[in-house]
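Both complexes below contain chain A, partnered by chain B and then by chain C.
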Partner chain A sequence: MSSTSSEVFLRHGVSGQLVKAELHDTILQRHLDDHRDHWNPLIVAQGEQHGHWDWEKKWSHYSAQLSYQSFAIECNGQTQGLMIVNTMKRCRIRQQANMHLVYVEYLEAAPWNRRDIPRCVRYRGVGTVLIAAAIQLSIDEENHGRIGLHSLPQADTFYRQKCGMTDLGPDVLYSPKTPLRYFEMTKAQAAAFIQ
Partner chain B sequence: MKFQLGKEWFEKRIHLEEDFEVGAGVPPDRRECGHETTAIVQNQTSNEEFAKSLAFGTLIQFLRRDRRLSVEQLASDAKVDVAEVVKIEFDPKYVPHPRSVHQLASFFGMPQRALLKLSDVSTVHNAQLRAAVYRFTAHSSEIAELSHEERVAMTEFVQFLGTQDGD
Partner chain C sequence: MSKRTMTLNLTEREMQVLDELCAKKGLNKTALMRQALRLYQAVDTRLEQGDKLIFENEEKKEKSELVVL
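Moving on, here comes the complex of A and B:
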């Protein structure tokens, strides 16, 4: 499978300098290999909140459906973040109810880029770049930047305050045991994010 | 997709990410991998899903019969595996490969987006489409040639799908 890559930037965790990275518009086998060989050992060792997502299974399931698309960020020869989106979901905010949006099914940064794992962060900005990619795809799909997602509890602040998304509260139907909050971004919020 | 944000944007924007976590999606211990569906989909009844699946297969079968093609001829002309055409037409639970939907849509001159929606039961939340699906599948039968009633139902349904090809 081929992919188109775009130049993006991440911030180096130690030097603070921007470093070049590549955003791929599909998850490739080498990204899945990185997850299995490099992410998983760290994730399992830490046992953190979204520790056992099996991206290989996920992507083998979703890649056969045209409504799903995936993204991967590479930097310094390693996969730094992964995302799967669905382009056929509908909005919930009243002002844009039932319009199509790009729904972020899964978004995960490499364990060495996450702050909930007590180690030095290698690269910052993975979430920002992937959300910008979802917005760009939404624009390309003529959905005007509208996106939606269910945030992991520790990421609520990022989506509410830093991305400026509308918080529609806990979604008990989506995840009954521990309801995740549903966030949605309007056309105006998307424009503000990428300006 | 080409991403065209300048370096200045990253300089300004990444700074705002600070030390916040960014993960999204239901953790795996709450849902079986490979069966992820949204709450909306979970709320749909199995009858609705069955009807939508049936509608896609029935539509393909009607279009084929209307052109007096055998399954093998359709598979050959549309460049779709014959086994898949059989599954599409006769197995309501079968989820067709996206390439096959694309090929069939192109072959029959159908709106691809609407056909894609119809082929993927997890994406249909439109009440009008649901109603049209029910009306159409109610005319399903396995006779060799399309009856007048079937042809009218198919024509109406194809026209309706044409209105569903956008947002």
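Moving on, here comes the complex of A and C:
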């Protein structure tokens, strides 16, 4: 599978300088290899909430379906973030109910880029770039920047405060045992985020 | 991702439905046809796996299977 890439910027975790990175419009085998060889040992060691995410398995399942698209960020020759989105889901907020949106199925930053892990962050802004990519895809799909997602608890504040998404609360239908909160972004919120 | 262009021939009735759905969903014709293709593929994949396509109305407590040939 081939991909096209565009230039994006991350922020160096120590110096604070902007660093050039590449946003790929599909996940390639080398991104999956990076996850297996470099991310996974750290994730498993830390026993994280999404330590069970097997991207190779996920992407082999989703890649054949037109309704799913994927993105990867590379910087300094290594994969820094991965995302799979679904373009067939619909909005829940009353004023845009039943309109199409881009639903973020999975979004993960490399373990060395995670702010909630108490150690030196290598690159900042991975989640922000991936959310911006989801919004841009939503605009390209005529969905006006509308996106939605279920958030893992450690990311709730990021989606609520940094992204400015509407928090629709725990969704028991999505995950009855440990309900994840559902967040949705309106056209106006998307425009504010992109600015 | 690169895109390719094709010409689509529709009857007047089909075009009318397409226009109505585009207006209802706020999509242009290309975006709507792409959504339709994704849905068709998703349904076809699930049916091939032996799944059924069920519609449920919680208020009326009704469930009906959409038979896709």
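Everything below uses one rule, namely that the second predicted complex is superposed on the first by the 195 of 195 C-alpha atoms of A that agree within 3 Å, B and C clash if a C-alpha of one lies under 4 Å from a C-alpha of the other, contacts with A are read in each partner's own complex, and residues count from 1 in each chain.
Rule of thumb we're sticking to: a contact is a pair of C-beta atoms (placed from the backbone, for glycine too) under 8 Å apart; a residue touches a chain by one contact, two chains touch by 3 or more.
All values derive from a computational prediction rather than experimental measurement.
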item	value
Fit or clash between chain C and chain B when superposed on chain A	clash
Chain B versus chain C as contact partner of A:Leu66, first or second or both or neither	both
Chain B versus chain C as contact partner of A:Met165, first or second or both or neither	neither
First (chain B), second (chain C), both or neither touched by A:Val85	neither
Contacts of A:His100 with chain B and chain C, given as first, second, both or neither	both
Chain B or chain C, by number of chain A residues touched	B
Touching partner for A:Met185 - first (chain B), second (chain C), both, neither	neither
Which superposed partner A:Asp25 touches (first chain B, second chain C, both, neither)	both
Clash with chain C (superposed arrangement) - responsible stretch of chain B out of 74-82, 92-100 or 146-154	92-100
Contact residues common to both interfaces of chain A (with chain B and with chain C)	4, 25, 64-67, 88, 99-100, 142
Complex contacts: residues of chain A adjacent to chain C	3-4, 25-26, 64-67, 87-88, 99-100, 141-142, 144
Touching residues on chain B, where the partner in the complex is chain A	1-5, 7, 9-11, 13-31, 33-34, 36, 38-40, 42-43, 95, 97-98, 101-102, 116-117, 120, 122-123, 125, 167
Residues of chain C touching chain A in the complex	1-2, 25-28, 31, 34-35, 37-39, 41-42, 45
Residues of chain A defined as touching chain B within the complex	4, 6-11, 18, 23, 25, 49-54, 57-58, 61, 64-67, 88-90, 98-100, 103-109, 114-116, 121, 124-133, 136-137, 140, 142-143, 149-152, 154-155, 157-159, 162, 171, 173-175, 177-178, 180, 193-194
